[in-house]
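If you scroll down you'll find the structure; I have some questions about it.
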Amino acid sequence: MNYNFRFEILLRYQAEILQGVLLTLQLSVLTMVFGLIIGLGVAIAAGSPSKWLSVPARFYVETIRNTPLLVQLFIVFFGLPSLGLRLSADLAAVIALSINMGAYGAEILRAGFESVRRSQIEAGRSLGLTAAQTFRHVVLFQATKAIYPALASQFVLIMLATCVVSSIGVTELFHQAAFIDSRTYRSFEAYTLITLSYLILTLAFRALFSFIYWAVFVRRPAR
Amino acid sequence: MSLVELTQIRKSFGPVEVLKGVSLKVEKGEIVAIIGRSGSGKSTLLRCINGLEQVQAGRILVAGIDVTARNADLNALRERAGMVFQSYNLFPHLDVERNVTLALKLVKKLDREAAGKVARDVVTRVGLAEKLHAYPDELSGGQQQRVAIARSLAMQPALMLFDEITSALDPELVGEVLRVLEGVAKEGMTMMLVTHEMNFAKNVADRVIFMHEGRIHEDGPAREILQTPRTAELGSFLSAVLH
Amino acid sequence: MIREFAGADVVYLLLAARWTVALAIMAMLGGGLLGLVIAALRIVPFKPANWLAILYINLIQGTPLLGQLFIFFFGLPLIGIQVDAWTAAAISLSIYAAAFFGEIWRGALQSVSIRQWEAGASLGLTYGQRLFYVVLPQALRVAVAPTVGFLVQLIKNTSLTALIGFVELTRAGQIISGATFAPLRVYLVVAVVYFVICFSLSQMSRRLERKLHVAR
């Protein structure tokens, strides 16, 4: 084996990598926000006593969770145009990722609200708090604390999963590997560097999320 | 008019009828202990009075509010009827002071300072002034239950309901909670307690109600009822709990 | 040469799905063996071994599987191993699966209370006897449902190998979609095939969880 590893020539592409990182983070945040909005609606519908709401909601969750994200993405980006719905790659990516996250978000939210015991709601109501006040001051904080760890790891999973959208030409971080490869013919170095960039992002976000958890849920203000 | 008036209330969970026509009047200042075997309907009775359970038939009036009315103002009711639970149900994310002030601020619309003053006052009354800024998981079960009593007291209710509040406690912690209850009783509060503490019922309550199979089986002055049970059911219940 | 999306194409997709399943089975076996090693490294009372396992798990779970696939696809030839897409995919997915199996099984082992070890010891059982007769049977019950659940992830993730050119179900879908210009129908059929496989496994995982939970 006499291959010379030339990682240093990749340094020229700092600007592209940075741009890729920003787009990856934008995609991840948008996916998280839209996914949770969808997830909230689906979680409420799935728990509803009406079959007209609960059956479609469960069907959605099962369908998304049992098919690959890549195929969902292809259906949105390549499939929908045959119905006359032509989307840009960026928009298709956000839509497919959000629909995907919605199914996982629904499960996370459902588990979170179920984790707050009924007795806590009764305690709030028996003090004369309205249903809305009980939700806002008693349930919400406890449910948020319960779902926070799952949401934090879900964010990292999404960030890692966004790289599949490079396959439809979205110029996020993973796409930059193909770009650098095409300029330098240094495939191995390019993909290794980009893959390790994700590791840095993962570790940084895990640390940030742990700190936020500690600051919001664990630390108790000295008074 | 009595403070609490129940007329022929019936309550079922699915096919099981738990309350089979209960009528009862409680006067202002009375201390009523409700005893009976588990499943006799005594906790359900208390929960119905606070509107936590809906009855299928009958009428419940508390401080002039019709709890059973279709459009009952349950929030107004709960301002007047405080409730303390077996499992304390303190809010784990709030310290002692904010557990007490939450409803004062939201329901009674007190400002921060006034609510804080009430909180210090009631927490001192249950002997926990030095724990004002502790969180529930830093307190023993007995201390948590005393905070729960203080939280309810702070709302200045006309009636307090206690649902087996010493049943979840270690034996050595029961005494401190009962002493707080005695203090509340001495101040003239109207109280209804579901309890297994027969000595407490005998010494503190004015009146004892024995529930059996969804009905009030005996009802009378505490000492008389407990010392000379009139029915075989109460007799066998008492001999079972006292040994 | 555009043609209609026809019955023969569905058969082609189903045949391609064999490679999806074959790849998942390879990764399950390879990842399973390596996962046992990872789980063992993670729990032995020897710190450097624990650190090695933690490093491995973080490296694999902290980077995208797609990146790992490309690194093996381009990297193995550089160290003199000529690989086709199948080999790169099988190796990469095994290494990926091992990190998850290792964590699932470690969790299962540690879910067995320390008191069970103590109870075994108090009866005079040796370490090996305690492990095989007391702890492992209990850990296995805990591990079965999440292990089957992870197979669903594994099946779904084999789709990424399409992007390094391995012809499994998703890549076959791309090929037929290109030939027929009926992408919506093609990818919906592809999705249905994945769904049938994955949903069966999901349901099995749920049944196992209920069954083993009730039996405790």
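A, B and C are the chain letters, set down in written order, and residue numbers restart from 1 in every chain.
The rule is simple: a contact is a pair of C-beta atoms (placed from the backbone, for glycine too) under 8 Å apart; a residue touches a chain by one contact, two chains touch by 3 or more.
No experiment lies behind these values; they were computed from the predicted model shown.
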> Which word fits the touch map of the chains here: line, ring, star, complete or other?
Replying inline: line
> Busiest chain-chain interface by contact pairs, anyone?
Replying inline: A-C
> Roughly how many whole angstrom separate the Cα centroids of chain B and chain C?
Replying inline: 55
> Between chain A and chain C, what's the gap in Å when you average each chain's C-alpha atoms?
Replying inline: 21
>> Please tell me the distance, in whole Å, between the geometric centres of chain A and chain B computed from their C-alpha atoms.
In response: 47
> Which residues of chain B are in contact with two or more other chains?
Replying inline: none
> Which of the residues in chain C come into contact with chain A in the complex?
Replying inline: 58-59, 61-68, 70-71, 74-75, 78-80, 152, 156-157, 159-160, 162-163, 170, 173-174, 177, 182-184, 187-188, 190-191, 194-195, 198-199, 202
>> Per the contact definition, I'd like the list of chain B residues that touch chain A in the complex.
In response: 50, 52, 74-76, 78-79, 82-83, 85, 87, 89-93, 95, 102-103, 106-107, 133, 135, 151-152, 155
>> Could you list, by residue number, the parts of chain A that touch chain C in their complex?
In response: 1, 3, 62-63, 65-72, 74-75, 78-83, 156, 160-161, 163-164, 166-167, 174, 177, 187-188, 191-192, 194-196, 198-199, 202-203
> In the complex of these two chains, what residues of chain A are touching chain B?
Replying inline: 119-120, 122-130, 133, 137-138, 141-142, 145, 217, 220, 223
